[in-house]
Amino acid sequence: MRKIAVFTSGGDAPGMNALIRAVVRGALSKGIEVYGVLGGYSGMIEGNMLKLGKKETANLISLGGTVLKTSRSKEFMQKGGRAAAAEKLKDYGIEGIIACGGDGTFHGAHDIWLEHQIPIVGTPGTIDNDLYGTDYTIGFDTAINTAAEAIDKIRDTADSHGRVFIVEVMGRHAGFIAMDVGISAGAEFIAVPETVTNLDQLYQRILTQGKQQRTIVIVGEGDEVGGANTFAQILKERYEIDAKVTILGHIQRGGSPTVRDRVLASRLGVAAVDALLAGKTDVMVGEINSEIVYTPLEETWTKRKPINDYLILLADILT
Amino acid sequence: MRKIAVFTSGGDAPGMNALIRAVVRGALSKGIEVYGVLGGYSGMIEGNMLKLGKKETANLISLGGTVLKTSRSKEFMQKGGRAAAAEKLKDYGIEGIIACGGDGTFHGAHDIWLEHQIPIVGTPGTIDNDLYGTDYTIGFDTAINTAAEAIDKIRDTADSHGRVFIVEVMGRHAGFIAMDVGISAGAEFIAVPETVTNLDQLYQRILTQGKQQRTIVIVGEGDEVGGANTFAQILKERYEIDAKVTILGHIQRGGSPTVRDRVLASRLGVAAVDALLAGKTDVMVGEINSEIVYTPLEETWTKRKPINDYLILLADILT
Amino acid sequence: MRKIAVFTSGGDAPGMNALIRAVVRGALSKGIEVYGVLGGYSGMIEGNMLKLGKKETANLISLGGTVLKTSRSKEFMQKGGRAAAAEKLKDYGIEGIIACGGDGTFHGAHDIWLEHQIPIVGTPGTIDNDLYGTDYTIGFDTAINTAAEAIDKIRDTADSHGRVFIVEVMGRHAGFIAMDVGISAGAEFIAVPETVTNLDQLYQRILTQGKQQRTIVIVGEGDEVGGANTFAQILKERYEIDAKVTILGHIQRGGSPTVRDRVLASRLGVAAVDALLAGKTDVMVGEINSEIVYTPLEETWTKRKPINDYLILLADILT
Amino acid sequence: MRKIAVFTSGGDAPGMNALIRAVVRGALSKGIEVYGVLGGYSGMIEGNMLKLGKKETANLISLGGTVLKTSRSKEFMQKGGRAAAAEKLKDYGIEGIIACGGDGTFHGAHDIWLEHQIPIVGTPGTIDNDLYGTDYTIGFDTAINTAAEAIDKIRDTADSHGRVFIVEVMGRHAGFIAMDVGISAGAEFIAVPETVTNLDQLYQRILTQGKQQRTIVIVGEGDEVGGANTFAQILKERYEIDAKVTILGHIQRGGSPTVRDRVLASRLGVAAVDALLAGKTDVMVGEINSEIVYTPLEETWTKRKPINDYLILLADILT
């Protein structure tokens, strides 16, 4: 293998640039050339690539977002789009691909392998941490710290007013962000998609805190009750409680990655190159209990990664 | 004067704790006792006060929110409420008051002076910077830095996707936050209440940026068009542009104060004590061109503080 | 068991307050009273304790340092000092103790158990991560992020000048901090106590970077060559290279804990209470591969925890 | 005027990139081309320049350091070096120059104007704030916030141990950084070059704090007593006080600029272009009381900017 490509796709996540840097430097150390695909699958179809060397990846390790940009491509979801992309990759002489993204990205990667036999290895890049086959995804640690810092600020004002605050965090259908952030924020109530949300219990906790004290509620966006606004509406209608709402939104996707995300991305980038060289394909490279693990791409989205039970218990004990 | 009180009221702002600390230490240096009123005007009516010394104010300088808590009291808006509060203050032997807050706070302060002749001096504590009589209010510098840091993160993701992002910042009817934050964020468009908002111009700037590049729009909450959601709706309906919306919300109120806010709060706290001792009352202590300035409380809300013209020009030149 | 004590000792670490909070709330949930010992072993000898409840531990989760304070007590290293402390604990009716600190703290804990049979459970609180029996110590994650953020700033100025910068980080005789921080900083050279430091290799890397480019060198304080100043001196004398030195120092000990440290401290605090209740003593509660693990206190300092080999390889590949 | 150059020189400061961006965009809005000189005066001698447009300056506003790099050039201090630089500027058709730096930079700028009549306008870029002719220099606000945040962390550990900490901050022969940071840190003692440093008073304050409480001492690097290490030595020898020392060092130069620095740099960059167009030369563009002010370059270093008296008083009252 003499030439490989790397790209980022789907929602961007802090650490994607660190991964790109690690792929490039890992490949260079084995004498392999690396091309970066600009704009994810859309860029692949257009053949929008540039050669990446040591210089192009200097200082990438601390940079948020992704310099290769990202996209959600409808065209690539069609067989024709993927064939066009494969054509372009072959034009460039690309013999292997490293993809960084979430389940949507891996669906596409799986298909291009099945249909065009271009070896492809995935790396988990998403703030949501919702991929089976790795303890943590790249971007998750940064996102939870960004969210926790934001909520520390909200707590200042919540404490000053003795108010109920409902804060919605990201995470799609998984409660990883909400759970870690909720515990870290010292929240009085945490609502995650994985458990039944008991609004009467929330009401009781607000009463226990008392009128003079704040109550912080953390809501994962995929919770069954609905987002933070729905929570506030129900609290008002059912219990006559006024609550302030904050939806943290896209600040959770950006920012300079934490050390954990930088080291994880660096390690997985190098491991992905090694995997390609070892003849692996159609797998995601992840880290479980500090060991590198390869998981078939299909399993990353068909198998479900559960929240640790101890976190759910912990949240209850600490409130 | 041997005994004074200090309280915070209305929306909390970073630096209020630094002000409390400065009032206490400024007063102690003149041999005056200080009581802190807990919970703003509500606490005043209830006589909820505690004596503050050097120890109680240690490490307050870096703390967000307000340890004296705050509230919006309907009772105090009535003559009876204010009479009850004045009674309580006299019970404690309070001979002067230092208020920290915004225009709502100063209305109350003005009334209690008129009706009960308890000397009262205001200090400008609000993130909105919308008070006449001071270049900057306590909390403003922290709020704009918090917002700018948040938008730096959003820009990471906006750049990665080449998207249009509309970010709503606080500021009530004034555009101080939006203007400084917009310039600092390198925003392509800034909408403030003080100027006419030209949506066609925004559309042109989105086109100029191009499909591949992000456009960042900063909207002050008091802008005539409406909040960020209204902007997004109009962009969609009128120009078929998809935009992401983030409402920064209450994170802008919290956090450890910046150096400017710490120094400003420290200076105004000491100056407010000096003003009371010099027989001043019914005035706000502010800082204009680095000088301490006294402004009748009534003028702080009847006179309008304009945005600097040069900022509006600057924003245009830099986009 | 109806009454236990908790204390922090040795070097302080971010997350110690989160641990105190978790011990208190974990104990309260089982109907157990908790006393906090002020000032570590010194305070124990003096019987300096206060009862801790839910209110006293509100908002502790995000606070740096330790509200129980810490110390290094020479008196406690003597049998007489420990006897005096045991006496005081019995006076208060303390039936079990939870210690948070590093190896020095655990030595004392081990001795008081052997000599006075007061059940004692340790929790790993040190930024150095140098304790056998846990993947991570409380405070480590915050320290490496603080250091990495500081070095990101230094890199700005190093890049601007094309200079060689030598940055010394903490870690005592272990290179955990230096290694993770070095990788995260994209350092050109990392010196840790665990490996032989090849100064000729460093010189070669400086030459490879070239005169116009910066070189960042991260030195763990326990490295065989000596601290950053020694490095700079050798570079000057042996290779005529001018280098700037920064010793990060005590900023690495402070600051609001990261999410990982908050969650780890919360979990270990609750687990330590459970361990005491289960009759465990003379052990440290740690977390290995996400599982709670009990390690005899003596092993925590007699057994050596190695740096992961893959990190050493990774650092080489990425430069 | 159709073509101008911009460069940064001397110690780098946060906000220099924002200034470069503003110069480019300010010039483009008037139809003027801008070249960036790489590497300060050294790069000028070598004719190392590149054309800067809107694209090259995208996202520069939030970036620390200077993308144009900087240097201290001995060659430029000689007449011959300056003649070579002037030659290169004329080769490129440069009709005006904007310099960003401190007094060393302005000396060079003054000389090149006198000797070669190339119009040159200076902008104050230094974290030290030690230039006459402007209230604040670009980079100062960021540096004091970086230092204050670092000291907040040190205070965590100082409080936990009840220790004396001596922290040295930058500022050369001026105490601006030390004074603002000292007040913001709630320091017990602040030593600045502008005042006599009374070590007996420091000793008294340590005693007042008591053995159990921390004492924070902030020392400006230009203080008459010497740096933090000298302070520690004297405290030990004269008063038998053990103190910990931290020298903040180069972290104070880096980091993403604050809002104030971004807005100041943006304004001064545009104003410098306007000044060149208005025929001004051999002056520094500064901001005093929110107004743009032009000061002959020579005055910026011959006249002394004093620390505000009220800050010295304030520091005393608040301890």
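For reference, chains read A, B, C and D in written order, and residue numbers begin at 1 within each chain.
Everything below uses one rule, namely that a residue touches a chain if its C-beta (ideal position, glycine included) is under 8 Å from a C-beta of that chain, and two chains touch if they have at least 3 such contacts.
Keep in mind it's a predicted model, so treat the numbers as computed, not measured.
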Give me the fewest steps it takes to get from subunit B to subunit C if each step has to go to a chain it touches.
2
From the C-alpha centre of subunit A to that of subunit C, how far is it in Å?
29
Go ahead and note the Å separation of the Cα centroids belonging to subunit C and subunit D.
35
Residues of subunit B that touch two or more other chains sit at 152, 155, 159
Got a list of which chains touch which?
A-B, A-C, B-D, C-D
Within the complex, which stretch of subunit C touches subunit D?
8, 11-12, 14, 16, 39, 63-66, 69-71, 146, 150, 152-162, 165, 212, 244-247, 249-255
Where on subunit B is subunit D touching in the complex?
21-22, 25-26, 29, 58-62, 135, 141, 144-145, 148-149, 152, 155, 159, 180-181, 183-186, 256, 258-260, 262-263, 266-267, 270, 289-290, 308, 310-311, 314, 317-319
